[in-house]
Amino acid sequence: MIVVIKKNQEKKQVDNLINWIKGLGLNVHLSEGENSTVLGLVGDTTKVDIDLIRTLDIVESVTRVQEPYKNANRKFHPSDSIIDVGGHKFGGRHFQIIAGPCSVESEKQVIEIAQAVKKAGATVLRGGAFKPRTSPYSFQGMGVDGLKLLKKAKAETGMPIVSEIMSEEHIDDFDGVDIMQVGARNMQNFDLLKRLGRLKTPILLKRGIAATIEEWLMSAEYIMSEGNPNVILCERGIRTYETYTRNTLDLSAIPILKERTHLPVIVDPSHASGISRLVKPMSLASVGAGADGLIIEVHNDPVHALCDGAQSLRPDQFDDAVQAVRRMLPVVDKELDA
Amino acid sequence: MIVVIKKNQEKKQVDNLINWIKGLGLNVHLSEGENSTVLGLVGDTTKVDIDLIRTLDIVESVTRVQEPYKNANRKFHPSDSIIDVGGHKFGGRHFQIIAGPCSVESEKQVIEIAQAVKKAGATVLRGGAFKPRTSPYSFQGMGVDGLKLLKKAKAETGMPIVSEIMSEEHIDDFDGVDIMQVGARNMQNFDLLKRLGRLKTPILLKRGIAATIEEWLMSAEYIMSEGNPNVILCERGIRTYETYTRNTLDLSAIPILKERTHLPVIVDPSHASGISRLVKPMSLASVGAGADGLIIEVHNDPVHALCDGAQSLRPDQFDDAVQAVRRMLPVVDKELDA
Amino acid sequence: MIVVIKKNQEKKQVDNLINWIKGLGLNVHLSEGENSTVLGLVGDTTKVDIDLIRTLDIVESVTRVQEPYKNANRKFHPSDSIIDVGGHKFGGRHFQIIAGPCSVESEKQVIEIAQAVKKAGATVLRGGAFKPRTSPYSFQGMGVDGLKLLKKAKAETGMPIVSEIMSEEHIDDFDGVDIMQVGARNMQNFDLLKRLGRLKTPILLKRGIAATIEEWLMSAEYIMSEGNPNVILCERGIRTYETYTRNTLDLSAIPILKERTHLPVIVDPSHASGISRLVKPMSLASVGAGADGLIIEVHNDPVHALCDGAQSLRPDQFDDAVQAVRRMLPVVDKELDA
Amino acid sequence: MIVVIKKNQEKKQVDNLINWIKGLGLNVHLSEGENSTVLGLVGDTTKVDIDLIRTLDIVESVTRVQEPYKNANRKFHPSDSIIDVGGHKFGGRHFQIIAGPCSVESEKQVIEIAQAVKKAGATVLRGGAFKPRTSPYSFQGMGVDGLKLLKKAKAETGMPIVSEIMSEEHIDDFDGVDIMQVGARNMQNFDLLKRLGRLKTPILLKRGIAATIEEWLMSAEYIMSEGNPNVILCERGIRTYETYTRNTLDLSAIPILKERTHLPVIVDPSHASGISRLVKPMSLASVGAGADGLIIEVHNDPVHALCDGAQSLRPDQFDDAVQAVRRMLPVVDKELDA
């Protein structure tokens, strides 16, 4: 970490700062120039509160040289992490497609969709049981009953399952769920992250709606530093001023994450735009950007069926998108699970 | 709610949509024009899932005429809500200043600061015990012990106290805390909001880092719809592209909230900018915009004292800011508690 | 256009508004409901000032049913526009790669790069002569002399050329330039757009740094409504809070534009990120999203050569990226010019 | 400027960089640590292209110690600039209110409004003649005829006048206009800025819709470096994700600018929100934040008069707002011109 001190500061204040930093167990290299004094902090700077130093009146600027994350950092773990989910691998040359209904609604619905998406090439089944909704008056999901139906579909089809967890209090109910998803709104629910860090279940960590890449990796670090190394990152769009799409899918984040971290990264093209017609092109774009997988909503419920639309794909549209993804994978040297 | 149907849609699909809406217990007024068909939905539309309708392929656009929040809505509660905190009133012509340390660090620290801010004009004491930190390696607060020290300061000074709650699991520890704060990162932690809605303790609901005003009011609605009417909103800056300040304080939100809701609205000028020199001018700006109070960080801890800076104010700087606020209040027809 | 009137407004004020709208040559369909009065405006509403109506006190909301752009609108021109640039076609199943140096620096430099990119598969040569720089103290480009060198490279290689124009006063100097580029900062320099609209030269219109898709199409409309139908849109990243990349490439804009407009859309993956390592993956992602071409910076100048980096690609890196693009094009049913 | 080199780089590449920097006339202080090599650049670094260095592969990070602006920098001009406009002073303890119609529409209109706003306390008359409009089909202003009417109002009332210039080609028409306004969309129209820099007329430089504070000051620097020191900055709201207001007024920018630059800073509370009810509270907030003045739209045209609304104030509302501003000025130690 490089701390630049403003010009003409009292020596006593600078010394106080240096002593305080040394008190944290770090060495300080002092370099005094004509225009500025520069402190180089040497040692494990992940424990230094950069915001605190930045706001001191004698400080001009602070620059991290070392990233503030360790477990998630590719520097300390150069090869890709491969995370196994019921025999399906995330990371490396593997490519996985997770698919299923937005919300679990009935046994028939979830099993029918599961069979359809499996046939098209999906390897993991998704389904919402606890639904985070902006309004308290919107449908909040079937809860524990939804999880039970999802587990029935797992038993029926052999597909591993993923569902969103919204509170530490539901952890026991997720026994048998293969991937626990942390939604965008809970990406910085630190108590939940720490609790999930004490499990071994793979965690699908969605990017917060206005999270920086670094904040996102720090949330992964919360889980990993508690002992759970199985984190799969999921880009799902960030909030911008543009209103044609619900969120702006940030695909540049994929190659950047691939440099910074060894964790697998997948993309949710359904939620980002909120427009089903965009799912196919944005799936192909995700493959191009280097993603390790996709998570796609597929429906067969009456309203959608009647009116033909929404962010979810019909099974036939899903099949079409998967076929295009298959054709593209060799170009980026990836392979879809058999 | 006004639903505009695209041109040249099949009558059957439009009829399906109308029947589905009627199934939700609403009436539909149909108006067919040359270029478009318009459906007017009449009844309690708070329960309609606007996102679902918006994504249907036959729908051109959906416009809410009625806001999706009821309990927080000024239309149904025209006069200002006045929320009493230990004899100090938030809302109406009242103006309150909450002050105290960012983190509770010791009995001596919190009591000394409490006495200093009380003397300067603060009426409520703040102090962080559970600290939401981006990094798992940063100080996470003193936790339950911090709350105990805060309660000692309350006993010593008679000031009501406010502290942040981060998990449902800590609710019992907050017994004796006069205001429970929900931080920006938990503004859409819906399980926590629902749980707090079953209390009567006033809730200080900070705006999420990228929350729209409507999403913020919907989070208040989560608390209120469970039975707790005592919500105080707190603007603390939103995330933008500007980097000189940590966040951009959105003061236009104050007069807009004053139109939309009857709830009191206060401003946190310390966190928004992260720069102590901005606290005084932004406090005055908040008064000008019509805020019902301020929450300000005041420190006396060694590092700050040594180096003189950071987002917190020293007690003398706090005193200076409060005096300026006092002079400004008559212009906006408000009064600081004696 | 649908105008929703607030509840309980005076009839006289509503009538005034209706008469004013009729005065613009439009018909008004009035639909009075229990909760709201809805006006449907019928006719050519592109001339209605939506912002003016939206801000009237009696108006609850205004929704456009018809887009505010006509010439750029796919509804009135269903098939793709094909724009010919020196025999190379933009739009439809065609795919073009524009490449060249950020700034023209010398005859040798521009000709060498031109030959290298042509060999790799580029069909159009780019080169900055007038450079928009944030600082008045940064290099402002070679100006007219730069254009001359670019024309020499055109004569030498047979490649059509593209360069940025920053002021109406330079229009004559661009004689012989095959595509005139309008940069992000000038996307709403309306005097410049109108002037370019009176030419027939193809215009490469970059998206403004915080422009909505609709504002961007309205800027295309400025050019087209003056008589120049040859507009090529270029996505180059939008400003967000994320700081790892200079801008956030908005690839969802591609399929949305493909629905809304018949104009060709290309992507600039070099400027968006400002990181050369991202150029290849984001080029592939652009192909996946459905872009009609790419514009890529390629360098061979000493500083870059020595230090090996920057947003520009070296010729061998460019060649590698083009080869990957070639392999991907059949999946999206596009073809690179021979 | 501090350049941090990545670990384990080849000495030859680092030497190449150092030699290149020295070639720019700067000295380089080299500091080699265990984990990183730090270069301190000494001399006039305003001419260094920070983006170029940042993108080199061997560079970890670059931090400016010195701001990239000189003429606008308070470090080199510690006391407030006072800019005289027809005897009315901007800057220091002075406070000015600019008011007038959005667009000049007729002689009667502009003179009536001028007289009304002058009576209420405005000292400078604003009026749009060239109007930057998103749509080519919206009213583009009266142009040169509008300027003539504005000059008539100046002759009639003695008020200095301000109007927006959109192109270098209109400069002669602005003879007799006391302040030339550069709108948000042209803040980085560098050719226009340079041309205005060769005049002595005060320039009202609005902040670009997504401009950082630093970019804004660099645009002021464009004008000042050409010889015109008379720049007045105008905050008018920035683009964010919030949709209740058209733009988000960034009042924290005021105290930050007051530290960074000696130039006067005023606020436009009308355009930022687009809602007339917000003009008064946001005017008071601007005073609290430390602004040197306001620019407010006041109307008396038929549509507005009939329907009562829009972002403009009626003369009586303007009078009410000015009276509140007057009462607040002593708190911030400012004075409204007699």
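Note that the chains are named A, B, C and D in the order they appear, and that numbering of residues resets to 1 at the start of each chain.
Keep in mind that, in the parts below, contacts are C-beta pairs under 8 Å (C-beta built on N, C-alpha and C of every residue); 3 or more make two chains touch, one makes a residue touch a chain.
None of these values were measured; they are calculated from a predicted model.
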item	value
Between chain B and chain D, the fewest steps along chains that touch one another	1
Chain at maximum distance from chain D, centres defined as averaged CA atoms	A
Geometric centre distance via CA averages, chain D-chain A, whole Å	40
Inter-chain centre distance, chain C versus chain D - centres from mean C-alpha coordinates, in Å	27
Contacts with 2+ other chains: residues of chain D	210, 239-241, 243, 275
Residues of chain B that touch chain D when the two form their complex	210, 212-214, 238, 240-245, 248-256, 259, 272-273, 275, 277-278, 281-290, 324, 327-328, 330-332
In the complex, chain D residues that touch chain C	13, 16-17, 20, 46-47, 49, 51-52, 54-59, 68, 132-139, 166-169, 185-186, 188-192, 194, 209-210, 215, 218, 221-222, 225-226, 239, 274-276, 303-304, 306-311
Chain B contact footprint on chain C (complex, rising order)	2, 4, 29, 31, 33-36, 38, 40, 42, 60-61, 63-66, 210, 239-241, 243
